[in-house]
Every structure is written in structure tokens, then in C-alpha cells.
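Letters A, B, C, D and E mark the chains in the order given here, with residues in each chain numbered from 1 onward.
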Amino acid sequence: MFENILSVEEVSVAYGAKEIVHGVSFNLRRGEILAIVGESGSGKSTILKAINGLGGVVTDGQIFFDGREITNLDDNSRRKISGESIGMIFQNAGASFCPVRKIGAQIFESVAAHKNWTYAEFESRAGVIMKNINLDAKILNEYPFKLSGGMAQRAGILAATILNPKLLLADEPTSALDTITQVSVVKELLKLRERQNISIVIVTHHIGVAAYMADKILVLRDGRQIEVGTKEQIFKAPQEIYTRELIKAAA
Amino acid sequence: MLKPLIPDHLSLITVPALALILVAIFAQYLTPFDPYAQDLTRALTPPDSVNLLGTDRYGRDILSRVIIGSQTTILSALALLAVISIVGSLIGAVCGFKGGRVDTILMRTSDVFLAFPQMVFAIAAAGALGGGLFNAALALALIGWTKYARISRSLTLTIRKMPYIDAAKLAGTGSAGILINHVLPNIAGPILVTAALDIGTIIMELAGLSFLGLGAMPPTAEWGAMMNNGRSMLQTAPWVILSPGFAIFLTVAIFNLLGDKLRDVIDVRGNRN
Amino acid sequence: MKKFLAAMISAGILISGCGGGNSVADDKNTFTYGTVAYGVAMENAGTNPHESYSGWSTIRYGIGETLFKFNEHMELEPWIAESFAQIDDYTVQIKINDAAVFSNGKKVDGEAVKKCLEHLIANHDRAPHDLKISAITADGQTVTITSTEKVPALLNYLSDPYGCIIDIDAGFDDKIVVGTGPYRAVKVTDTQIDLVRNENYWGAVKPKLEKIIVRSITDGDTLTMAMQNGELDAVQGLPYSSLKLFDNDNFKISQVDTSRVYQAAFNFDTPELQDLNVRRAISMAIDKENFTKVLLDGNGTAAVGPFPANLSFGDNAVHAAAYDLDGAKNLLAESGWIDTDGDGYVDKDGKNLELRYLTYTSRQELPLLAEAAQANLKKIGVKLNVNATDNYKTFLRDGEYDIFSKAIVTAPTGDAEYYFTSHIVSGAVDNAGHYDSAEISRLENELHNTFGAANRSALAVQMSQQILDDCALFYASHLRMSFVMKNNVVGFYAHPSDYYEITAELEKK
Amino acid sequence: MRKYILSRMIQLVPILLGITFLTFGMMQFTADDAVDKIYEGSVSEEIKSAKRAELGLDKNFMIQYGNWLGGVITGDMGRSFISGKLVFETFAEKLPATIELMLVSILLTILIATPAGILAAVKQNKFPDYLIRALSFIGNSMPNFFVGLLLIYFLALKLNLLPIIGASVIMPALTLTISMGAKYTRQIRAVVLEELKKPYVMGARSRGVSEFTILTKSVLPSILVPVITLLALSIGSLLGGTAIVETIFMWDGVGKMAVDAILMRDYPLIQAYVVWMAIIYVVINLAADLLYRFLDPRIRYGENG
Amino acid sequence: MVLEVRHVKKSFNGRAVLDDINFSVDSGECVGIVGRSGCGKSTLAKIIARLINYDSGEIFIDGELQMIFQTPEDSFNPRKTLGWSIAEPLRSVKSDKLSVVSDLLEKVGLPADYAKKYPHEVSGGECQRAAIARAISVNPKILICDEATSALDVTIQAQIINLLKKLCREKNIACLFITHDLNLLPKIADRVIVLHGGKIVEENSTAEIFKAPKSPFTQELLSADLFFQNLQSLPIFFNAR
């Protein structure tokens, strides 16, 4: 067991010829939650996608996951860890499912990419998780568009965690939800960490969400790392003017 | 208004397109020979140093006929397009903006026209109206306008919901002012793109009607008609048919490229967010 | 989804399976013939000879036969008839060949012929006017025909395809008739006739092919390529420009000069054309030589009058004004037509000399003549507006033309009178120009009462010359007809009458 | 769903009325008098007016239209001016050939253009994409009559691969396929590219699903609806295209029939052709609409509740 | 009083969107209207601006009314320069529109050459400033801000709110500030109206609403707000301020 489940070292990410993220570094231990905060265009989602190989090219630096380098992994090796060791949830979970197919089939399809489970086996395992996250088992037989925002987000959590990954990447998981639903989703994520000791990287522009659930906070602006530290450090003694502004503006 | 529409990188394809249009406009000054002068002693001469693209069965210079044919083909296509896109867009914009009974009547009418496959209707209408390039164009126009009416209506409906329309209303601008200042300038871009992408199709359809003998009448030099007249010589004098054929191909290709480029440029602008 | 893919793949296999390769049946017993001359537009779609021009199809494709036939000099020979006797100026007696039988096995006797001719007169639009029959009587193998007036060319008329002898009792169902020819129609549509061998054929030479398919292919290029490709055994009506493609060992060409002429009639109702100078100027401006040489690719001869030179009353006997642009301009000027405004067209009283030239396209040479004439006349400042439409009859009916150009077989029966009565005399059905000449009327009256080829020929020359002197029409070219066939085809010849195509001699080696 | 079908059927009624009215009016406006056509001049005016009365041609326009419409519905559309045959019979006789040509063209188009479009999208801005785009651009810029002539020249004449007349549907179908397929390939490419940008593709990737599975199981079903819509729309240009192609290849279908009829001013046949083509087009579009309602669960189960 | 809304009702397709709305706004006062999405806030704004009709009730407005919209870029005609759009309401000003426009731009903190720019050439925050310039050009008595800051980043949000506050105070403009974000209200609103299910469920001074929310909905709204729960429990946060 390595101490750090995820190490991002001096990583720069580019889309095409344009470098979007410049030299970002952070570490994440098992069971830790890191929030990446910043305003739109700051590159927070870019770095998350680069970790999971979903777009952009790491032009500099290295990313280690569970002691193994995963910088710019080739597609086949990437597929082996995606979904099984690293789960991901998105801002609009409903849209992360194909609109013309049933949820269950799609989640089973990703399971089948890694394990030899039968559908019945999958259903029973999914049932356990669904009970934990207050999700009706019936939704497996539903189409994505039939789900409310909160339901869809829970289905996203189910799809991301069914194979018990070590790391969960969450890209603005609450931004599309209204305040009341936001709370419930954030609480589910915290419960998840307690149950599975899963590490989470959450990207959010919502300082409140970060303050509520993160252990560590990374402040990003224009693709540059402004500050990184524990929640207490960041809120108690922000070193940078921008961090201060951000917190002040949020209040 | 055109300034933000034609940025520098568009010029690469606008050059040949404009060149084509200029050739079409000044065709009669560019032909090396009289495109209608027969010289049976030189009939079906293969391309040589005198007749660069050879001659047809009447000994007419094919290069000259292709050049003058550009006038017939391109200018009539552009004129047709100008009429249907402007008329269609105005109808659509008024429908979308006014709504109500005007909208219902005009849109049901366009439904009926849209229910006809365009070429089928054009073939029949050209037949009913009698041949001739003008009638062929009219036949295409009868259906063609509906497309623009539809597009401009749906664009107008979208624009009507935009906050800047509310802002203009709050600014005290009347219906006409809103239509002229806010609606029309904003549908102009997409309409222009549609029209540009349509040029090739219209050219091909007009030529197709002429090819069937329902468009330009002999001896008018029109590319489709020239191909029809040259059909029997595909083997013995291929230059007769290949020259107008490639002229159509080249023209359509250039205008298609222009349309594609225009769409990319305008789309990129439109999708900035 | 899987099912969908499977369906797509199997469909793909199906297509590639049924496509590809050349599906030409090189079967010695089947003959595929492509022709431009069959179809609705030619008014000969069908095999009932008593309907419009369908008799041409009955004769051409070997389904039926007439009482007499023409030899290659356009002289009459017996066919179903064995012999004839001219009883008097009004009566002719015809003896039917005893061997003749219809394809259904029924004997051709006098009664059958009588029934057929009576049905013809009752139903056909042209035959009664030509034949003027008052009575027909039958007795065994003899038929006696009495006419209301003198009809010197009666036997010639009876040899027109409408005179094809068919079994009336067998009916006309599905456009199929029962004739006496070497082949029997089994399926007749607007675009195709399927024929099989007539096992009962009575002629000396028995038909050799089991099956013949006559396909109407009105598009000359398709015809050319299908022939080149080997999909057809023989074709009729190739575009002239294509003929040179078949000038090699793989093909044979049979050619013959016909009395088909390309003519144009001036409409005497048009005020401008009532002036002889204008008509003559236009006639003089037509470059017939180059039209024939270049646009017909040499497949014909420049015409002077209505009849080809190989007929005794043909072009060698008449004369017309020669091609002469300056002469034409002078004539126009003489009548006051001068280009005063410099627009390239002559004008008088502020009006350009602008004429409507009507023609049709189903004869491929006509639009060519039209365009050539248009360019020719432009040189003398006359503007022609060409209207080439297969709907020309409407325009003819409505009088919307100044010049009407058509192709016509002027001596289908080897006799000149038919042409004059149908096209030239005042009030004739096809007198499109409304030409009305007292001299012509007088000569026609004389011709009508004259028996004997030499005398008739002399009158025909006079009449032709009268037409040319009046410049009532101009004649561009006489057509040379060509059949192209594979080199293994024998017994397939172009005939000057344009009537006989498929005969018992036809076979594939 | 049933209610929807019914309401669409009802909506169809005014459209069909409009189509028939327009067709009838257009021909009425220009057509020659049918009676003149029947008698070709040689008959007295009394007989003609009697015939007019018999055919109902002396009635006013709307009554004539009504009679004609009744004929369209019962399949009695009069006789051809030229051949004298029943119009509906002639049309029905020639329709199968056109339908065969269209079906083969559509099938070929789907078989060629769908994989090509998908390949181009998947390999965006790589060699296969450039090649497919270049080819489809060329195909898109060539009028089908030019394509047809070139095909004849190369395939039939130079390579002697395919028969020219009647016997085979391949050449005319290929001609239609080239222009339709070119357009269709571009559209499929655009649709697939659009689809590949959708978040669910990234979602599936993040779950470790292979590209092939994403493409076949998610992308393909998702593009079915736009693809069917595109196909249904292209039927329109296909119907027009058949007229040209049938004429070039002497394919004995309704398109060639119509062109011949126009050249000979055989108005009853033209009328039948226009009306029935429009009706077929409308019905195909309706069928496509219903089909994708059935295929797309979002519409099937009503996205808005 | 510059605005009075009495018994206003509105329904779409038989569903009541606004049900008997009553309130008034005094001159120079800033009233916040808060509620979840779909509660009828925007409909109410458009009704007051007379951009859509209402079914029954009465609305009295004293003086000119202007509006600021949620998406700054969409509130400008993309084919017109900002200057043109800002000058659009100024039909009475015959001469020297140019200098009027540059004055207005200066007031909202934009350089004068922004008049020549197109909406897509400037940032969201700048666009919203231009929108404010257009709104104040006719010296309105009341300004409706419909989610005027929700599309902006937090730091920009704060700037725009400050600008609005400053201008309203300077020019004595009453402001109706419509938002779903409760947090924004203490910064600008004197009074808060809570809208839920098309009805006004609570109306009180801002301080009172935050101190002692009365209606269950307001309470839920407040408790759901993670900022309040969490940031207030972090004393550090207040130090940072």
C-alpha cells in the first residue's frame, strides 16, 4: 500500500497547441478528499480529465496512481483502470449515459469490460450500493431522461463506484442541482468515503461545497496553481490575495 | 454588416468564387470566338491550339460556349437564389415574428409545396410552363422559397425569445424597428450560409432540367443543355460533353467549398460559448 | 441491432450477387434488336395495322405481310397475292396465294382478305382516303376491289403497311394480331415486342430464330453503347456520329438510300413569307451540303426536291436555286429587308425579320437541321426562333409557326402521288404551309387520272419543279438508312422502303 | 402513440388536398384541351362540346377538381393523350421499376455511406477521413447526369463490366448512389462527430468501455433517428433524381415516363406522376416520423412527462 | 412608491405560475425576490416589464422601467456594437449620442472605445456593465435585475453587485433584484420577498429573513445553503474578511 493514492507532479496539460494547465502539483492519500476550486476557465476540469485520460495531452510533469505512472497512458492500459480503479462522476450525470439505452444495460456494459459477472450478479451487487445511496432499484430499467437531477447523479455514483475503485473523480457534481439537492449529493459522497475509504478529487466552483467536504483545497486560476493546502490553511490563513478575494466574494 | 462575416481566412476560397462570378458577368468579353458562330468545316475538331477545348458538331468553339454558358448557368442560379432566399426569408421572418393567422396560412402553404419532391415538382412545372431557362428557374423557385421561409421562421422564433429583443422593447423600439434592426441582421448569417451551400445544388438542378430538355433551349449555351446535345458524342468526341461537365463540377465544387467555409466561419462565431 | 446489421450484410451480398458481369445471352436462337423507331411517339406502338402507324411495326418485325411488296428498286412484286388483273380503271382483281396461312394455321382466302380490308377502311384514318374503295367481293382465292374513282396507285397503297393482311376473327387483344409473317408476337408493350417463330409459316424460306426481342431504345447514345457492349444483335437508328464506331470487323453495316427527306414548309399565312423573294432567300441560305456532310456525317445526299435521285422523278430531273448567301441578301434587299439598325438582323418598317421555326425531336436530324438553319439564316440577317417539341401537333393546330420542318418518306409506295396529295395540294391533311397553287391542282388532277409509270413520272417532275419554283418548301437532305449488326448476323438488310426489317432470312451464325 | 398516428393522419388531409389542388391547378392553367387532344381537329364543335359535357369539362374549376380528385382516389385518372391507355394503369405498371431502383440505391447508399461516414468521423483528421471527405466532396459536386455518363463511359464501355440497358439496375442505382451517398456520408460523419462529442461518450470511456462497444452499442442507436430523418428527406431528391437517371439508362420507370410525357405534353400522365410522387413522399416522411418515434425512447416515452 | 403589484395572477396551460402576487417598491429601495428555479420569478419580472401579459390584477409603475438580464451576451444584439445598443433607448437624444454613450460607459467603469466593440468581443462581466449602462441611459425610476449575476463568476458577481448598488444609490433608482441565490441578498437588498410555488410565502427586511425565517420554505432554503452552515462555523473565514 502506497501512502499516496494519487500524485500529480508539476503537470501541464494542453489541448491542441494551447496549454491550458501549467505545472500543477498535489498529492492525495487514501480516504482523502481534495477540492479543486476556481472560476470558469481556470482549467479545473481539464486537470481532472487529464488524470483520467479523457482529453488533452500532458505536456510536462507526471501523474502517479497507486504507485504507478499513468501519464498519457495508452488506450488499452487506460481502459483497464478506468471504471475499475478510478471512477468518475460528471456535472450532468444524466448526460453521461447514452440517452437511448437503459441505465442498467449501460452500467452492466462497463462492468462487463472489467469483470465476468452475470447480469444477475451485477444486479445483486448494484442493489446493495443502491440501497446505500437511496436509489430505487427500478431505475436500472429506466432511460436516463426519466431520472430527476438528483436520481441521475446517484445513478452516476452507482456507475462510478460499483467496481469499488480506489479513486473517485468528481467534476462539478453538484453545480447543475438546486441547493436542496446539492446537500443530499454532497452527503452521499461523504458517506461513500466513510464506507469504502475511497479518495475523492472534486472539482467545483462552489467554495461552500469545497469548504463543506474537502480535506485539502487547491486554488486554480488561469491554469496556474495559486495555492494548495488543508482546508484550515486555506480558509484560516490564505496566502494569496486571489484566494482571499475568492472566499470573500463567495460570502 | 458583411465585415464581421468575411474574415481574412475566408478569402482563399472567395477568390475563385468571385472570379467565377466575374467571368460570368463579363463572359461576352472573354470568349475567344463567337459562341454561336457555326463553322461546319471545323465541326468536332479535337482540342487544338485554335479551339482550346475543341469544337462541337456545328463547329462552334466549346471554350467560348463554356464561358458564355457560365453566364447562363451561374447568373441564373444566383439570381434565382437571391430571389428565393430574400422572399423566403422575409416571409419566414414575418411569420415567425407576427405569428397568428398570417403564420398559419403561409406555413400551411409552404407545407404543401414542401410535400413535393423538389425536382419532381420542377420537372412537372417546367413541363406545364413549357421549356426555357426562365420557366425552369421559376419551377425551382416555386418550391425553393419554402426552405428559406422555414429556416428564417425558426430562427426568428429563437431570436424572438432572446433577451436583447426584450431589451429593445424596453428601449421603446417598435415592431418594424425590431424586425429590421434585430431580427433580420441576425438571420442574415445563417440564411447566407444556407444560400451559399445551395448555389451548387441550384446549379445542378438547373443544369439537370436543361439536360432533360426542360431548361435552356438550343442554341443557348447552357452547360446542362450542352451536355445533353453532346451525349451521342461521348465516345467519338468526348470533349464536347466533358468540358461543360467539368465546368459544372468545378463551379459546384467552388461554391460548395465557399458554403462550407462560410458555415464554419459563422458557426464558429455562433458557438463561441 | 445485430439483426439490423445482419439484414444489411445479407442485402449487400444479394446485390453484389445479382449485379456484375455482362448478362448478354449469346444464344444463337435469340435475336435482340434495338430500334429508335418503335414507340408511342412514333404512333406505332402496337401491331394492329388498322391503328395509326402500327402497321409499320407489324410489317417491320415480320409479324404480317401485305398483298404485294416492293423490291429494292421500289417495284411491286407479289407477296400474299399471287397475281393481279386490272379489269378496268376502277376495278382490280387479286388472286391470293393458295399456300398462304395465318400464324394460327387458318388459311388466307378471299373472304379473310375482304374482311381485313373492310375492317381497315372502317377503322383506319388514312386508308379510306388513299384507296377510295367502294366495294370488295371475295370468291375463293380471288378478291375483286372496286373504287369510287380512278386510283392508279391502288396496289402501291395496298402495299403500305396498313394493308397488312391479318386475321380479323383472331381479334386485337393485348395489341397482338395474327398475321402471316415468319414471326408471331407473344407480348406487345409500348417499349418492347417479344416474338417467337411462326411454326406455320407458309413462305419458302422458314424462319430460323426461336425468339426475337424488339426493344424500343429511343436514346441514340444508349443504343450505341448497348450495341458496342454486345447487348444487342442489331440496331436501327444509330446517331450518325456513332456509325464510325462500328466500322470494324466485329460489326456489319447495311445501308440504303431512302426516300426519307428532311423538308421545311413555309407557312403562307405568315405575311412576311407570302413574298417569294423572302422564301427564295431563305431556301438559298440553307447550306445543305455541309448539313449532309457534317451533321449527317455523310449519311445522305443533299436534296433538291422531294424525291431521291434513284427514282425516275427524283432530284436529277429538277433544279432549285443554289446555296448563295449574297444572292439571298440581295433578294431580301429587293423586298425592302435591310439591316437599318445594325443589330445584325434585317428589318422593314422597324420590325426585324423574325420567324418561328417549328420541328420535333423524335427524328434526331431535325433539331440539327433547325440549329444549322438558325445559324445559316443569321448570316443573311433572318432570325429564327426554334421550337423543337414533340408536342408540335398542338402548335400546328394553333398555327403557331412560320416554318414547319419534318422528316417524311416521300415515296413509300414507289409512287409520287401520295406525297402530293398528302402534303402539297391545297387542303391536304399535311399541307402545313397552306400552300395553294392552281398549277399544282391542275397537275394533280391530271396525275390522278394517268396510268403508266413513265407518264406519271413526267407529271411528278413538273409538280416537284412547280413547288421549287414557288419556293413553297425547301428540301435539305435525303437520308441514307443504316442497320448495324454483329458480324454473325445474316439476312438483315436495310430496305429503301423502310418497311421490311425482320424477315425469314434473318439468322445468327 | 396511436393517438399521435391518428393526429398525424388528420394533419395529412389538408396537405394532400393542397398537393392535389396545386397539381390540378398547375396543369389546368397550361394544359391543352383534352377533347382537342382526343379528336385531333377533324371533328365538329358540337361533337366536341358533347364530349366535353360527357367528361365534365364544361363544369367550373372546383367541380372539375372534385371529379378529378375522386378519380385520384379511385385510381381513375383518365387516359393518356398519346397512348390512350388508362393513366393509372400505366403509372402502376411502371412504378415497381422505379421503386426497385430507389430501394437498391438506398440500400447501396446505406451500405457504402454509413460505414464510410462513421470511419471518417472516428478517424477525424486522419488519412481515411481526408480520403472519404475528398471523395464525398467530389461526389457531392457532380450532377447525377454527369456521373451517369461517366459511369457508362468507364464501367460499361471501357471496362465492359456492366450492361447498359434495362437488364441491370446496378448502373442507374450506382449513379443515384454516388450523389446521394456523397451527401449522406458527409451527413453521417457530421452526425457521428456530433455524437462523439456528447458527454455520454466520455462517460462510457471513463467507465472503461471500449471504443468499439461505444460505437456499436451507444453511438449507432443514437444516430439512428437523425439518419432516418436524413434518409427520408433524401428520398425527395432521389425521386427527382430517378427521372434523370431513368432517362439516361432507359430504365422503364415512372421518372422516364414523366419526362417522355412532358416532351409530348401528355398532361394526364404528368398529373398522375406529380400527385403520386408527392403522396409517396409525404407517406414516406410520415412513416419515417413514426418510425423514429418508435425507435427513440425519449420520444416514445415522452421526454416532458 | 414607484411600483405597486396588486393581485397579479398568471397561468400557463392551466397551471398557475403566479397566484395573487401583491407587493410594492418604494423609490430608491432595493427589494430582493428569491425562490427556486421555476417558482415564477422570471415570469413576474417580465410581467412587470410588460414583456408578457398577465391574467388578472393590476400593476402601477411610476416612471421609466429598465431591466438587466441573466445572460449578458444574449442581452445584446450580436450584430450591433455595444455603442449602438446602448444608444438604442436614446431616441430623444438627437445629437451627440456618442458623448452620451461614452459618459454612460465611464459610469459603469468601461473605457469609451468599448462603444465600438461587439458583444462577443468582451467578457461576460463587461457585457453586463454595458447592459447596466444601457439600462440607466434613460434615467429609469426602477431597474429589474433578473438573475443579473448568476451567469458570472463569483469575483465578477461581487463587482457587478457593487456597481448596481452604487448606481442605484447615486441616481435614486429602485431595484428589484431577482435571484435564486440567497447569499447575494445581504449584499444588496433592503427587503426580501420569498417566492414559492407562485406565491409570496414571506416578506421581510433582509436582516430579519436571515435571522429569523418564518416560513418553512425559507428555513429549508437557508438550511440547505452550505455556505451558511459551514462558513459561519469557520471563524477563520471571518478573519479572512
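In this section, a contact is a pair of C-beta atoms (placed from the backbone, for glycine too) under 8 Å apart; a residue touches a chain by one contact, two chains touch by 3 or more.
The structure displayed is predicted, hence computed values, not measured ones.
Identification of common neighbours of subunit A and subunit D yields an empty set. Among the inter-chain contacts, the highest number of C-beta pairs connects B-D. Seen from the Cα centre of subunit B, the chain whose own Cα centre is farthest off is A. Farthest from subunit D, judged by the mean position of CA atoms in each chain, is E.
Each chain gets a centre from its C-alpha atoms; the one nearest the centre of all protein C-alpha atoms is D.
Averaged Cα coordinates give subunit C a centre that lies 39 Å from the centre of subunit D.
In whole angstrom, the spacing between the mean C-alpha positions of subunit B and subunit C is 44.
Centres computed as Cα averages put subunit B at a distance of 48 Å from subunit E. Each chain gets one centre point, the mean of its Cα atoms, and the points for subunit D and subunit E are 54 Å apart. In subunit C, the positions touching at least two other chains are 219, 225, 228, 361, 389.
Listed for subunit B are residues 213, 231, 234-235, each touching two or more other chains. Residue positions 152, 157, 217, 221, 247, 263, 265 of subunit D each touch two or more of the other chains.
Annotation, chain-chain contacts: A-D, A-E, B-C, B-D, B-E, C-D (touch as defined at the top).
Across the complex, subunit C meets subunit B through its residues 219-221, 224-225, 228, 239, 241-242, 244-245, 287, 290-291, 293-295, 361, 364, 367-368, 370-372, 374-376, 378, 386, 388-389. Of all the residues in subunit D, the ones that touch subunit A in their complex are 198-200, 202-211, 213, 217-218, 221-222, 224, 295-298, 301, 303. Against subunit E, the residues of subunit B that register as touching in their complex are 1, 4, 162-164, 166-173, 181-182, 185-186, 188, 269, 272-273. Against subunit C, the residues of subunit B that register as touching in their complex are 36-38, 40-41, 43-44, 57-59, 131, 213, 217-219, 231-237. Across the complex, subunit C meets subunit D through its residues 1, 8, 11-12, 15, 19-24, 34, 40-41, 45, 190-191, 215, 217-219, 222, 225-226, 228-229, 231-232, 361, 389-391, 393-394, 397.
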